[in-house]
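When the chains are written out, they are named A, B, C and D in that same order, and each has its own residue count from 1.
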Amino acid sequence: MGNIKRTRYASLALFVIIVIMIPFVVKSPYLITIGIFIGLYALISLGLSLLMGYAGQVSMGQSAFYGIGAYVSAILTMKCGVNPWLAMIFAALFSALMAGLLGMVVLRLEGHLLAVATLALCIVFYTIFAQWKSMTGGVDGMPGIPKLSIGGLMLTRDVHYYYLIWAFLTVILVFSFNVVDSRVGRALRSIHHFQGGSEMAAKSLGISPMKYKIQVFMLSAAYAGIAGSLYVHWLSLVTPSSFGFLTSIYPLIIVTLGGQGSLWGAIIGAAVFFIVAEGFRAFIPILKPGTSGEYEILAWGLMIILVMQFLPRGLVSIPDILRGKKTKG
Amino acid sequence: MKQMSRVADSKESPIDGTPILEVKDFHKAFGGLVAINRLSFKVNQGEILAIIGPNGAGKTTLFNMINRFQPASGGEILFEGESIKELSPAHVAALGIARTFQILQLFSNMSVVENVMVGRHLRSRGGMLATGLRIPFTRREERNMFDAAMGKLTMMDLKEEAFSSPLSLPYGRQKTLEIARALATEPKLLLLDEPAGGLSTLEIEQLAQLIKRIRDGGITILLVEHRMELVMGIADRVIVLNYGSKIGEGTPAEIQSNEEVINAYLGVEF
Amino acid sequence: MKNRKGLSKVLFFLLVGLLLTPCRTAFSQPPYKIGYTNCHSGWLGFMGSAWRDGFLLGVEEVNAAGGINGHKLDVVLYDDESDVAKGVLAFKKLIDTDKVLMITGQNQSGVAIACAPIAEQSKVPYLGIGASRWIVARPGKWQLPADPTEVFDYVAKFRVDAQTHVEAMYAFAKKRLGVKKFAWVNSSTAFGMNCKEIMQATYKLAGLEVSAMEEYGTNDSDMTSQLTRIKAKDFDAIIIYSSDPAGALVYKQARELGITKPILADAPMVSTPILKTLGQYLEGLYVCVHTPDVPDLNLLPKNVQPMVPVINKVRKGVMDKYNHRADWINAYGYDGAMMVASALRRAAPDPTKLEEARAKIRQALVSTKGFVGAYAMGDVTSTHELRVPVVMIRLGKGQKFELAD
Amino acid sequence: MSIYDQLLQFLIAGISIGSIYAVMGLGFMIVYSVTRVINFAQGEFAMLGGMLSTVFYAKGLPLSFSILCAVLITTAFGMFLHRVVIYPIRTAPVFTLVLATFGVSIAIRGISLIIWGTDFRILPPFSKLGAIHLAGAMINIQAVWVIGTTLLMAIVLFLFFEYTVPGKAFRASSINALGASLMGIKTERMGAIAFGLAAGLGALAGAVVTPMMTTSSEIGLGLAIKGFISAIIGGLNRIEGIIVGGLTLGILEAFGAGLVHSGFKDVIPLLIFLVVLNFRRGGLLGDPEAGKI
């Protein structure tokens, strides 16, 4: 127990140091922007990882909450002149609230039904974003969303948002760790029906599965909402095209890539996901000049297949595999 | 605290008359097949009541109806005089009914001690925010849950395996662990679903001791079993089920001399 | 750390790659590096790649003619896969890693709108080709149907926004077809929705009425429900706004449903990929096209006659290089290259002094005068836009285009 | 045109759309029933079917023959995929498999983009007369072909499962893989057959719709999502369920577009679906014990 904690604190410290160091080593705003996207998707994926890896609930609808967060922030700041930070809080709360209400409907479903129900949420909200012109600005969305500012300092440069987003990520990571190894975390794991949990036993011990499914769904939505809010204040633009089907699939890939049931997995997965994608963008034109995209897409597909084949339990399982230890799951 | 005190005063007189659980003409039918047929019985405060019967006698169904996994098709069920017919399983557990399972339902995605800590769920309060922010209260609570769980493990001498996976335990120990987990909820009534199933004679001996110890701790026990050596050894009263209906009730001695029971079931034993 | 190491590798290979790229002409000067990013996959992919074909055709021509004052045009080319995140990343990569002099491309508005402010902030000239005017307009400085009141310094674009087209269609429909009420159908893509918004903002000014507004998805196979709705209403003509084959299906099914009223559509409907597949069903459709789509160029109005030789050049070039009929998107891409070239030629920047060069190019770009291309013609306006002439045609038997206006 | 005619038109439109979704759904069901995998590459099978037939047709082969080749090739490809991608990781968590198939669909799309680019392709209609009018409503002959093919495939599948030895073995292994393998049925081969069948179905569907809606490298995912939804509505376990699921989705879309607003065409069925699911957890016709990912 003790040394588990110790290794965690050690890795957290290491993580924070790396995060702080990167901008000193990496100057290019392009790479910093990659860092920003990694951070944003890591936030969404953390929530999904709690939902999938711990409570065993699949969601193909995280983009909906990412979008809700983004639009709440955008609308409050643009139309009501609310302070961006306040807007961000509202964004998180409102995403969670929506998740709570919708969760009461969809979380009564399981497996594929849950998957398709959440996929439905993704499509429904995309349509709302694109169609509700008067509120969301339609397909062109809303440009010119105010930037965030701390004290007097206006956060304009990418590196500011890099630090901001990763600071949020760190806090939320710690929060998530605390949840995971608390009574709540155990309650979640106890209802993870296809990974060693048992809803029957959980109920017999006084745990109401529905309650915890909804709670963790709300939490994941709140994470996504915060990510969405950060995203629009950084880009100072919101368009529906950022919240389509793929935006729901990426976190699924990231979580599985990193490894379900590991919070670090979400972050590692996000990092690898974007670095590899951009790596392809950089390398493939060199290997095969004159190409545009299609080879990237192919490489990307193959890459997913290979990871699923050789690391079915994700990147976090690499150490175990190296140690030749059998991975459980 | 309340039920603590009640447990305390029930300690002085392990067996008194007041029923803790009362089942009134319970009925359960799956389609045409009748699983439980107009069954009525009482479980007295602090006693060990065994329900025996051949396989398919509806024993597990009965348990599932008592802790509300399955709705009863008819009848009434009172726990400490209150109807629990409409409550959710979690609510029933909160009232103080814990159970084990014929097919083990341990959480293989947690360590042994964590399994028992889940048992402490009802006795702790920290919500998602509180635990996430790790406010002093929840830290204290976590520590208490851990200590309590370790206490239970020590009682079942599972202390050594506290941090290993439940699946690494031998089958008998896994069953004990499930009992420990159920006890962690501090129940007033403990339902044991075939606890002796698949155990060696020696293990059954230890189990019998354990169950007695639990009862002496003031917890009423209702067990379903068809391993006679266990039942006859520890039960205060025995109820015999056959095809969902009660064909006999009484002390082990009376049961062993009950004609109908012998014909229906025990015959094979003698 | 990891990704930095990767980066240096990338840069190294990039360098090697550039050295290895074969050049037909020897260039006395260091190359001009141009960034190009567009969607070559995703729902608008076919447009992106057609644009790219035209663009690369132009670039080749420039280089074959000895480049720009001895500088070769080097194009760094990325696909944004119609995805905002990927588009933004590609854009920043062009600016920071590839250190290009200027950037062009991105005909998907969503991505382009996200990138314009980045160009402005990092002071990189950006020649936009997306449909929405948000690309040039500073946030909140544009209200339909008026022009943007404030525009970005570093952004210019071809004025392909639907406003020009819808207005041309309104005029034609009223004058030639005597239309008073029209029904509207658009694809539920950004392009279609965008045009719908513009239509809603402008039809009253043209003194017209809308009797129905319908939508369809790019993957839809059957739009008879929408058309049945329209059929039940009272209308003189239908305007279909679509950038995908499904739009052609709408026309086909409208005729099958027995709707005989005139139907108008916008230029994307006669882009080569759509004509190749569904052209046979489009007989009788009125289309608001760009000059390159008019088969008999002599019929073109006087004011755009100067474009004719350029158009012919593009037609020949596309036929030789890709052996298919050049459509407006190819011509558009070609003009993109030409705009870039002319800006560079006039700015004559020193590629080693990046900031200064970018500033010069930006100046030259927004002050382009008397540009004559295969697709666009004229001066860059005060809103940094280059107007694009349009013509109404009618698709006759066997996909023969007849000038209708 | 009278409201009655309109409704009839919506119905026809719905059926012709729905039957496409239904075939896609069947593909999902077949693969799922044996491997418990939701195969997101299903849409790409349809894409391949359409593209390949256009390629062969362009090469001058007769239409029917081109389609036959396309179907056969895609079938083989489906089996190949199972052997190379799915079978090696059959023991991994199902969700890993699902994402693997998602990777497959991306890869196929990439390959198709490389070979065929972003152009649209089309086949000539199967029969000369374009559209016929009956009772004030119009129906496109190609749509009739699509509906017919769907029904035919459903019937053939049904007969296959009910009355042929491999079909029975197939069902056995879909009900209980272990039991089946004890009965000496090679579940591996069953998985391959499942993918082959699904791919073949998808390809045929893709080819039949091409004259109606054209095809291109990009159509896969869209079709897959619709097929997935209708398969789930249908309950993933019974052929008739899937058919009804697909038709329901299509008809709801058509009526939604016709009676409410075409902008919400895709949303209306989903909302109804969400509501329905709260009463019938197993989809419209599925058993309540619908599969778990």
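Note that in this section a contact is a pair of C-beta atoms (placed from the backbone, for glycine too) under 8 Å apart; a residue touches a chain by one contact, two chains touch by 3 or more.
Bear in mind the structure is a predicted one, so any value in this text is a computation, not a measurement.
Grouping the chains by touch while subunit A is set aside gives B | C, D. Chains making contact with subunit A as well as with subunit C: D. Among the remaining chains, the Cα-based centre furthest from that of subunit B is the centre of C.
Once the centre of each chain is set as its mean CA position, subunit B and subunit C turn out to be 74 Å apart. Mean C-alpha position of subunit A lies 42 Å from that of subunit B.
Here the CA centre of subunit C is 35 Å from the CA centre of subunit D.
Note on chain placement: the centre of subunit B and the centre of subunit D lie 50 Å apart, centres being C-alpha means. For subunit A, residues that reach two or more other chains under the stated contact definition are 195, 293-294, 296-297.
Annotation for subunit D: residues touching 2 or more other chains are 109, 113, 263, 266.
Counting partner chains per residue, subunit C shows two or more touched chains at residues 40-41, 45, 49, 188.
In this structure, the chains touch in the following pairs: A-B, A-C, A-D, C-D. Residue ranges of subunit B in contact with subunit A, taken from their complex: 67, 69, 88-90, 93-94, 98-99, 101, 105-110, 114, 117-122, 124, 126-128, 131-134, 138, 141-142, 145, 163, 165, 181-182, 184-185. Contacts from subunit C toward subunit D in the complex involve residues 40-43, 45-46, 48-49, 188, 214-222, 224-226, 228-229, 231-232, 245-246, 249, 253, 256-258, 273-274, 276-278.
Those residues of subunit D whose C-beta lies close enough to touch subunit C in the complex are 1, 6, 9-10, 12-14, 16-17, 20, 109, 113, 117-122, 130-131, 133, 138, 140, 143, 209, 212-214, 216-219, 222-223, 226, 253-255, 257-258, 262-263, 265-266. The touching residues of subunit A, counted against subunit C in their complex, run 18, 25-26, 28-31, 33-34, 37, 130, 133, 138-141, 143-144, 235-237, 239-242, 246, 275, 277-279, 281-283, 285-286, 289-290, 292-294, 296-297. Those residues of subunit C lying in contact with subunit A across their complex are 1-4, 6-7, 10, 13-14, 16-17, 21, 38-41, 45, 49, 52, 77-79, 81-86, 88-90, 92-93, 95-97, 108-111, 113-114, 117, 122, 132, 134, 138-140, 188-190, 193-194, 197.
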